[in-house]
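Below are structures written as structure tokens.
Below, chain A partners chain B and then partners chain C, in two separate complexes.
Presenting the complex of A and B:
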């Protein structure tokens, strides 16, 4: 077997291809409810990858991720929206508006970088908490741009004459593709691109520099890593990821409301990367799927589960049940599975491999283990 | 002028309540080097217990119960979660407390629902007139209580063996352990004290002029984070000064918000965070925090 062929037949590659095929087929069969949930999960995955670059890989705790999501979402709406009475908008072509929204989120991250580059650890975490409250204040008060507490409608994306709206329907294989289906493919494409870029960054020189900053800032500086520049740069990059996620979320919601972008959303993103596994792209995606698919699945299939009441009824609502579950998952992951879902998967794979190769592997003594 | 003095007194009063919360936060950080993001939920626990029990037990017993329960919950978090964690990294421990916070806050806000719970305090909405200035009794009670508690705490911190153990542990954990200080007991004590202080703060955050305990109370409690951090995370003095600064800034901004309408409504909610950012830009380790010195 040639080496190219054997590489192509590696189990991880096969799994990736199979996963991709499944993701491409889902829109043709799944009901709108599942599509909506999946769409949110993919948007969340993009945001979580960004946060994981910042918090997981570079070790900068950020509780202000929801703010940058809001900048992306509202940026898109403002750039693409038309001026009406009480509302203003620039009415730009929607793809341009989406790109500008992502750039705007990056700029917002850059504006925060004097703080992000200066504070460390906890101080940064609490300082970034300020972004949430400042963001909420602006979203509620800048009526002309954000529509105030009631929010604003999101214009659908139109790419070279192809509209990501319900009408006109696009019929492929006799299945009518509406807005959700079309957005699904767009989100999948963007997620793959986002994951690919992040993986490239993490595996290359910047990734190693980021890891060194996380593990020992002074050592990083001594070895020639421009620490302040890297920290500011990663902050900008992570906000751009959040901005892109925000744009996608806005398109999926079709209406942006300020209350969504609160402190709970920031905590959700932190939960995602901890549950999935700090510092890895796949972990962020797994965690995002876990955290953002739980509430809709509980809402839909909660009848069969004990303890969960229908929304509005007495008892634990689906949203609360899922919040309790992922809160517990965060605690459990840190206590029992350092490394998150991805770490668990790695351990399973290692034990399978150990069983396959019957001879024992030489292991390092605990003192020698790299930490 | 009277408005200004009223706002000043209210600011100092609410600031002393923030100082109580921030003090607990700083105690935990000093004793265990963990940043406790679950602090707001400890506060909610204390407030909820007081609100639920005051009809059956009377206010004072309910207050004692609330303080006790919050202290026990704090100690339990330390005992069941932080102590079991194998992660040595303080950042990861901070994230665990976020998980705990999600758990506790979700359960409590679910129980509270859309209700606004009264605290049943003896002061109600009575107002005292002093030389033409009207001040709510609750504000005076808050100021007196917070000042007393903080004084007691600082004295205990200085003179009791518990305080000495705590300071020794904060100074150098290993040496303290070698000198016979039980670190596990110190950190559990710190969590319990922090919980108790938070419960008292919960009472004064939810009495008049605020309508009562509701699901947004934990958001109000978050303002103690800027208070703790702008004073410096490892400084008790910093917590007190930070609390007062945040309280004054919030009170003045809320009082004069009609003069600064261009900043939008509800600017009082945001000002604490703006103040924090400005101070951190100038002094990244807070006003009284020790600058981290690193030896290579």
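Presenting the complex of A and C:
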């Protein structure tokens, strides 16, 4: 019993409880701006976890992540949306539409898997680049499904009579919960589930196989890992993660716009996993938070910082400053912290632990002194 | 099994703590806002006894940065002048300027911030950005003036599209070409346009006019990233068009005019209002633009012979010396005036809430800022005016353009029914 109690009071467990408490309390206090930014960050974290499985753990570079995000987002809108005079939609129940959108993203990944299974590393990166351009063309021209360059409204999720929209407001502890607050809880739940699944995969047999494929493909083959099948499988899985992130993004946006799902978005996801730390779930989450929170926070609170001019005045604007900082962060991580943000944390922890445990024995205790 | 138990315990403890913390006083708890000021005026978000906060969501770092800068500066000039004259309702106007860099996601974040902190948005640049938050603008009843003129933004009570829409401009423009005998019935017209609602709106207007006059439109759809108009010029030359319509960006106009003239094509080119910017006159495309190139605009150019515009030009040159004076200066200033006039009316009704502001604004059937065409704000499913100026680029003139035809409403434009909420 006492060992169970001491285990329950371990620092990591306490930190997990504290983190969860903070995340659960935020919607009751934070202004909509912070909630919106946090929602984008959580959606991005799910997508980044998926990309990290593919790129960080299996060593397969993908530039097509934005395409699968788009499939998820537009898939949800198409399945859940109603047919209008110029738009078509299936009008399915929204939870079913969300699940189908994720499956659709997985199918799209599956269609690409003959290529994903055969190509290695950077070659896959170049091949998947094509997906972005195909995606942009479809999004702009398949008017009936995507709404063209203008995009489409996203129907709010409705789960067993509970609507994730502004109205009706749900009042809890005298705080009115509108769409952003409700979506916050949903995103948190999905993020935890996504992280848990990814962690399970990485820590089990498939994770080890993926690591071997990344580090030594021939060795993996010799040890009986079906390399091509694994590569294709991970690609499908990562597409499904992207699809889920896309569904969440669509709900947070409330409007899907094709321009958003461009090459820049793919590069941002790569930046997330590089900055956060390749090959781990926590790294992907940390990187996603860094990359997606930095620009809005700078725009919002840039006025108070030195050297930054108010928007419209001469000088470095907040938007430019956030871009400069973002670029500097990528360069700094690549140069000095190959393990990303997570690597930094690991180093700090290791050095702390070393200081705590090592007592270099410089001389003998008095009773041990030879007489 | 053990780990599941622990997980459950962790979650339960976290939930209990969270519930406890959430129960504490929060600013968001209901019952705080919606009061009246010391002077008995009902106050909405962003309004206090001393200030009225207005939001500006613009582009200062993206593709429309020059436009956004002019709009923002001229608007700030207007609010400064208003404050110097005592403000509105005994309150000073404060602007919250945010830069979205023409990125819809940033615009959504910015709108989330503005939705709770400001009363109205006198400038929201870019129709993709505004459509991205259109639903929320409607549910928040946030009075918004978009700096975009596509028909997709019509049909929403809180959103005021100022001036004409692109399609109406094109109809008036084609009528003008016909009246000047630059084209005649049965001719072919080339139309180079951006995909999306800007080009789509303009094309719709062009097709409507072409239909009525027995003209044929030769369509050339381009992307915003296409900068070389060589293939389009070649195609239009082959089709033997009598004139070229241009609904794209300034860069595309320069390329199109330059290439067409160098190949000896002498057809007139007629652009939408976003197809020209005075900065083009500093480029090698200048000779091609000052001859046979025209563009339409609902707003008066800064060179217009109107007392209010002259006053603005002087004040702007004094406040921002050396800055280019494009048509956005007039448009930004005018939009500032529209919001301030609505605020004054709302103040008279002692209702500075969002609903009160929209009600005040929508009661104005003949709003004349002295900066161009008077507008009717009582409906929102039609453009506020159907009068279009035809302008021509000219060197060494403020704003780089002169009026060729004063604001005119063609008969065809009055019969035209613009699409609402689409293009």
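Basically, the second predicted complex is superposed on the first by the 339 of 371 C-alpha atoms of A that agree within 3 Å, B and C clash if a C-alpha of one lies under 4 Å from a C-alpha of the other, contacts with A are read in each partner's own complex, and residues count from 1 in each chain.
In the analysis below, a residue touches a chain if its C-beta (ideal position, glycine included) is under 8 Å from a C-beta of that chain, and two chains touch if they have at least 3 such contacts.
If you're wondering where the values come from, they're calculated on a predicted model, not measured in any experiment.
Look at A:45: by the touch rule set out above, it reaches neither chain B nor chain C. By the document's definition of touching, of the two partners only chain B reaches A:222; chain C does not.
Contact with chain B, but none with chain C, is seen for A:129 once the two complexes are overlaid on the shared chain. Residue contacts after overlaying the shared chain place A:24 against chain C, while chain B stays out of touching range. Of the two partner chains, chain B and chain C are each touched by A:140. Looking at the shared chain after the overlay, A:320 reaches both chain B and chain C. When the shared chain is aligned, chain C comes close enough to touch A:299, but chain B does not.
Overlap of the chain B and chain C interfaces on chain A comprises residues 140, 317, 320, 323.
On the chain C side of its complex with chain A, the touching residues are 6, 9-11, 13-15, 17-19, 21-23, 26-31, 58, 60-61, 69, 72-73, 76, 97-99, 101, 103-106, 108-110, 112-113, 115-116, 127-128, 131-136, 139, 152, 195-197, 200, 422-423.
Listed in rising order, the residues of chain A touching chain C in the complex are 7-8, 13, 16-17, 20-21, 24-25, 28-29, 31-33, 35-37, 40, 86, 140, 148-151, 153, 166-167, 171-176, 180, 252-255, 257, 259-260, 295-296, 299-300, 310-312, 317-320, 323. Residue ranges of chain B in contact with chain A, taken from their complex: 35, 81, 84-87, 90-96, 98-103, 106-107, 110, 219, 222, 225-226, 228-229, 233, 263-267, 269-270, 273-274, 276-277, 280-281, 284-286, 292, 294, 296.
Touching chain B in their complex are the following residues of chain A: 59, 61, 114-115, 118-123, 125-127, 129-130, 133-134, 137-138, 140-142, 218-219, 222, 263, 267, 270-271, 274, 278, 316-317, 320, 323-324, 326-331, 334-335, 338.
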